[in-house]
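Dropping the structures in below, format is structure tokens.
Shared between the two complexes below is chain A, which has chain B as its partner in the first and chain C in the second.
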Partner chain A sequence: MSTYIVALDREVLPEGLVRGRMDTAELVIWRGASGSVHVWEDRCPHRSSRLSAGRNMGAYLEDPYHGWRFAEDGTVIHVPAEGGKGHPEISAHVLASAVTGGFVWASAGVLETGDFAGPPLRPLHFGVSANRVAAELDPTKTRITPWGAAACMVYGIDPDAMAAHRMLTALRRRLEAAG
Partner chain B sequence: MIRLYDYALSGNCFKVRLLLSWLDLEYETRLVDFYPGFEHRSDTFRKINPLGQLPVIEIDGQLIRDAQAILIYLATTRDPLGQWCPMDRIGPIYQWLAFADSITGTISAARLHDAMFFRLDVDKARAGGVQLLRILDDHLWFAEWAGQDWIIAGEHPTIADIACFPYVALAEEGGIDLAPYAAIQRWTDRFMRLPGFAPMAGMMPLPLPKEART
Partner chain C sequence: MDARDDPVVWNAWYPVGAPTDIRRQHATRTRLLGHQIDLTIHKTWISAACEGRPLPVTERLGYVWTTLGRPDGPPQSLLEYYEVDRVTMNIWSTPIKCSGLRIIDNVIDNAHFPFVHPGILGDAAHPDIITAEPIIDEGGTLWLPSQRAWLPLTQSVAEYTYRIADPYTVILYIHRPQSPGRHDFLGIFAQPVDEENFIAHKMFAWVHENWMDERRLKSDQQWISVQDKYVLERHTEKRLPLAGLESSVSVDVGSLAYRQWLRDKGVRYGAVQ
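Entry: the complex of A and B
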């Protein structure tokens, strides 16, 4: 199980919900009132509605469909249809995650963040597979997160952020045009 | 009295309603049955707008068609503070209003195909929409980097934000996934949290209760 970057730390805002992806899993990434960042599968365990369409209330994340509330550890603390009863035995699907080097990392298995830090580039979505992009880029300066089989998100570090961004944008144009 | 030829599910009508409300202007509405009635294509409506498009506004004894033109007219004649269309940034504002028109031709077209069964090349519409979303997301990401919240630099949002917002927020109704565009999502969150924002169908701003604010 690989470990991937799923967001920039500074883009996970206290009142926001960030959508991400990792292989085939859709993710919701959020910062709780404690300051910790959480990476969960973007599916409510109740009816599979997208948690990222709900709201970040600080102490908990609220599902948009039936208003279930999930504590920062993922457990259900409030079900409106049951008079606000909690269900500690039910949990969102929580992924192992950590914040280092300005990036949020997550893994469906064992987390191995490695050594990767520097001025972050603008993350860039490519409409081609992670493998095709990886073949073109310096692995010491970039990390690539697969978004399904045919797309990926490229995270990079480079002191010359604008030049690196222009290079990545040109590469994307070239790879996508090649189909 | 201002009169708006209006349709509830039109993002282009919504942007005009939003500015009318933010400028605190009273107006009356003439509802046009865009779908399924196609009343905008009727001979009667074509006397009001030969293009057969919504919205149209009747104001100061004239008919003005085209959502972007209406936004400019309202912002330059009804906003004494000049916040919605700052004249010292008029070049970028016109540029992003034209961009909003391209959004109508792509992202909105994909939504008309999916939600109202219009016949058009939806793959082409979606691909065009993705190119525009990437450009907007890029612009907003670097604007945030420079400490700016809105499309046009400055403290206050402008008609450029109003013009671009509706069909971007509704893109998923046209089958365009917004997940790759994190800067756009932060911008739509900020926009929907502006005081007095009232959503149209398909938008879920879910306002944050006071106790959740830090």
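Entry: the complex of A and C
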């Protein structure tokens, strides 16, 4: 189980919801009222609705279908149709996550963020597999998150953001054209 | 999976469109259970065929019904539909991107009213619902009687009964408090295009009242359906899990009864195995 970057810390705003992916899992990333960032599978445990279609109310995340409320630890604290009863035995699928170096990291298994810090570049989506992109890039300056089998997201650090971004977009054009 | 391997689904009747829509749009091609259906518009009726094989057709409840298999009777009926004092309409036939079983599970579930249809079928101040024990009659039809939920329009609790005769259809009986024993009807008939896509055909048959304006009623019903379409297309799992995978609570009795009923029938097409 690898650890991947799933978002930039600065992009996860209070009361906002960020959609992400990691391998085949769809993710919802949100910042709670406590200030900490949570990475969950984007799936309500009740009827499999995308939680990212719901609302971030700070203290809890509200599911779009039945208004179930999920506390920051992922447990169900309020089911409206049952008079607001909580269900501590039901929980969203919470992934191990951490914020370091300006990035949000997550893992379906054990979290290993490693040493990767610097001014973060704007992440770039590539329409080719993670392996093909990895072969072209410097692993000390980039981290690659697979998005399914045929796409990936590239996160980088570089003090010269403009030049690095230009290099990455040129690489993307070349790899996607090669098909 | 191949729908042929699911006899209950394969041998059921499905609507393929409203005759008026088919004629107006010259819709001579549609899909059902992964197969192309060719429609031929005749002067007085519409015929259907699959790869040259003629299929049985029946016009009923405002739609043209056909089947790819061998059903053990005609499509389900609703005698009240033909009562003279009813307003009957086809609300719409619209494609939705998930399993058709999902919309049946959506219709029989009153708990979503305050969140998906706020101010129309429910509001956040009255989220409580009352359920009753499901019944399976001698014909094998699943009934969810007397499901109660707050209705903002009348500022009172409304009562609904749901009738599921086939895996992909449901008829709503809206109880009329002013005339006990009579109901207003809505029908949701799913035409499964494949396991993860269907066309929702919606039937309307309410007792006529003087305030009714057909155009307004139709657009109101379409508005409710479009709100459901929004949540239906936002399921991470497009098929309906019949067991496990999704957690349920005490108010989900109807939903659980439907899943159990599907399991007992051996339905797998459009469901998570």
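Criterion: the second predicted complex is superposed on the first by the 179 of 179 C-alpha atoms of A that agree within 3 Å, B and C clash if a C-alpha of one lies under 4 Å from a C-alpha of the other, contacts with A are read in each partner's own complex, and residues count from 1 in each chain.
Going forward, contacts are C-beta pairs under 8 Å (C-beta built on N, C-alpha and C of every residue); 3 or more make two chains touch, one makes a residue touch a chain.
Worth saying up front: this structure is predicted, and the values here are computed from it rather than measured.
S.K.: Output check: A:Ile90 vs chain B and chain C. Expected answer is one of first, second, both, neither. What do you get?
M.R.: The second partner, chain C, only.
S.K.: Could you say whether A:Pro64 touches chain B, chain C, both of them, or neither, answering first, second, both or neither?
M.R.: After superposing on A, A:Pro64 lies in contact with both chain B and chain C.
S.K.: Should A:Gly118 be classified as contacting the first partner (chain B), the second (chain C), both, or neither?
M.R.: neither
S.K.: Could you say whether A:Leu13 touches chain B, chain C, both of them, or neither, answering first, second, both or neither?
M.R.: first
S.K.: Have a look at where A:Ala81 lands relative to chain B and chain C in the superposition and call it first, second, both or neither.
M.R.: In the superposed model, A:Ala81 contacts chain C only, not chain B.
S.K.: Return first, second, both or neither, reflecting whether A:Gly102 touches chain B, chain C, both chains, or no partner chain.
M.R.: Neither: A:Gly102 stays clear of chain B and chain C.
S.K.: Using the superposition on chain A described above, determine whether A:Glu26 touches chain B (first), chain C (second), both, or neither.
M.R.: In the superposition, A:Glu26 contacts both chain B and chain C.
S.K.: Thinking of the overlay built on chain A, is A:Arg47 touched by chain B (first), by chain C (second), by both, or by neither?
M.R.: In the superposition, A:Arg47 touches chain C alone.
S.K.: In the superposed arrangement, which partner chain does A:Met153 touch: chain B (first), chain C (second), both, or neither?
M.R.: first
S.K.: With the touch criterion stated at the top, can you tell me which chain A residues are shared between the chain B interface and the chain C interface?
M.R.: In chain A, positions 26, 53, 64 sit in both the chain B and chain C interfaces.
S.K.: Would you mind writing out the residues of chain B in touch with chain A in their complex?
M.R.: Interface residues on the chain B side: 130, 134, 138, 141-142, 178-182, 185-186, 189, 204, 206, 208-209, 212-214.
S.K.: Can you list the chain C residues touching chain A in their complex?
M.R.: 105, 110-112, 114-116, 124, 127-129, 231, 234-237, 241, 245-251
S.K.: So in the complex, which bits of chain A are touching chain C?
M.R.: 26, 41-43, 45-50, 53, 64-67, 79-83, 85, 87, 90
S.K.: Could you pull out which chain A residues touch chain B in their complex?
M.R.: Counting only chain A, the residues touching chain B are 7, 11, 13-16, 18-21, 26, 33, 53-59, 64, 122-123, 125, 127, 147, 151, 153.
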